[in-house]
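Below, chain A partners chain B and then partners chain C, in two separate complexes.
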Partner chain A sequence: MDITVVFQIAAVGILVAVLNQVLKGAGRDDQATMTTLAGLIVVLFWIISHISDLFGTVQNLFQL
Partner chain B sequence: MDIFQIVAIGIVGGILAVMIKKENPTFAVMVSLAVAVLIFIFLMPPLAGLIALIANITGHLSSGQEYVLVVVQIIGIAYVAEFGAQICNDAGEGSIASKIELAGKVLIMGVAAPIIISLVEQVVAIIP
Partner chain C sequence: MILQIAGGATIVVATSLLGWHFGGLGAKRARDLLEFKKSLIMLKSQIDYTIYTLPQAFLHISERVVPPFDIFYTKISQELEDSRGDISTIWGQAVSRLRFSYLHKNDMDNIALLGTSLGLADVDVQINSIDMVITTIDDTLTKLGVQNAKDAKMYRGLGVVAGLLITIVLL
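Let's turn to the complex of A and B:
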């Protein structure tokens, strides 16, 4: 868990934004929303694994 | 892990979040969430040291042993509740953030209840 995760998420966000523009330009709006959804799910999986790590450490540290 | 790295990560994360916010705001929230998780994980070692220090100092006390555990738990609950509330505020969901804070307060009261009871008992015992 270091800064590269933040850069990966930002990269996926920018990629999805660009893909949206391209797909909207080509007239395929439904596929644009699909790519946004796909990007969102990928990023969610990354983030959730890191959040579970954080909450696990907090649980051990504070004996919650 | 000193303050300079944390501030640098925060600034970089902030700029990335603002950059993405225009196209799709959901990824901006994701970036700010990732930066928050990163900074919180970097804060763990110094926090662990502080808690060990508190436990060590109160180790010499005669009676107040179990209260330290409650204090540490309260800090933990406040720590996590504030984390969740701030992320929800970032995402624009003020109502969810206030619900999380309310839940945090209630849980802290739940953890602190035994201390309050024992305090009242001791006060009653002192009064003739």
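Let's turn to the complex of A and C:
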């Protein structure tokens, strides 16, 4: 697995947290929640193939 | 790699500029509302002292206000002079041309209401109607004063952070 994806996820996490704070500070809690959800979906989209690989490896390891 | 950095920088600059633009819209709306309020105060005094006819009063005001309100008053004055309909219709049409200003729809609806009493009712009713619109504008300006500072800060912050976020997602 490429280590870059870990840094990308960390950067997205930090920026989404900042966005969340900015929006909450302006009294836009709904948009803040939506931004957090969007960030989560983007990150899930990135790691879904890695999770699939992980499950495959676990299956092979325990011969399930 | 250099191309990626250049692309990322372009995105961040573009979103930051967008943030600055949206952050300034509230202040521009407040400036337009204040300018229109100024014109209404002039109109009120001209109706009160009955020095000029209504088309003349509009023409005098048009010389003292900034765009797009100068065109607004000039058009009304010209159309009234040419007798192209009753003042209510002419005023309503002129208000719809204010969509090129920074005023919102509810501001324009409030201004459009004035057309129903101008020139048709007696002086007191006309002045009361103008006062009512001025009070509504004052209320909006008070609300905007608090909201603008918050929104400007938010949009400018959002612009920069959204640019960085897009860049990271695209890398």
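Convention: the second predicted complex is superposed on the first by the 56 of 64 C-alpha atoms of A that agree within 3 Å, B and C clash if a C-alpha of one lies under 4 Å from a C-alpha of the other, contacts with A are read in each partner's own complex, and residues count from 1 in each chain.
By definition in this document, contacts are C-beta pairs under 8 Å (C-beta built on N, C-alpha and C of every residue); 3 or more make two chains touch, one makes a residue touch a chain.
Since the structure is predicted, the reported quantities are computational estimates derived from the model, not experimental observations.
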item	value
Chain B versus chain C as contact partner of A:V16, first or second or both or neither	both
Chain B versus chain C as contact partner of A:L37, first or second or both or neither	neither
Which of chain B and chain C A:Q63 touches, first, second, both or neither	first
Which of chain B and chain C A:G27 touches, first, second, both or neither	second
Chain B versus chain C as contact partner of A:I51, first or second or both or neither	first
Winner by number of chain A residues touched, once chain B and chain C are compared	B
Touched partner set for A:V5, first chain B, second chain C, both or neither	first
Shared contact residues on chain A - chain B and chain C	12, 16, 39
Of chain B, residues touching chain A in the complex	9, 12-13, 16, 19-20, 23-24, 26-28, 30-31, 33-35, 37-38, 40-41, 44, 47-48, 51, 69, 72-73, 75-77, 79-80
Chain A - residues contacting chain C, complex	8, 11-12, 15-16, 18-19, 22-23, 25-28, 39, 42
Residue ranges of chain A in contact with chain B within the complex	1-3, 5-7, 9-10, 12-14, 16-17, 20, 36, 39-40, 43-44, 46-47, 50-51, 53-55, 57-59, 61-64
Chain A contact footprint on chain C (complex, rising order)	150-151, 153-154, 157-158, 161-162, 164-165, 168-169, 171
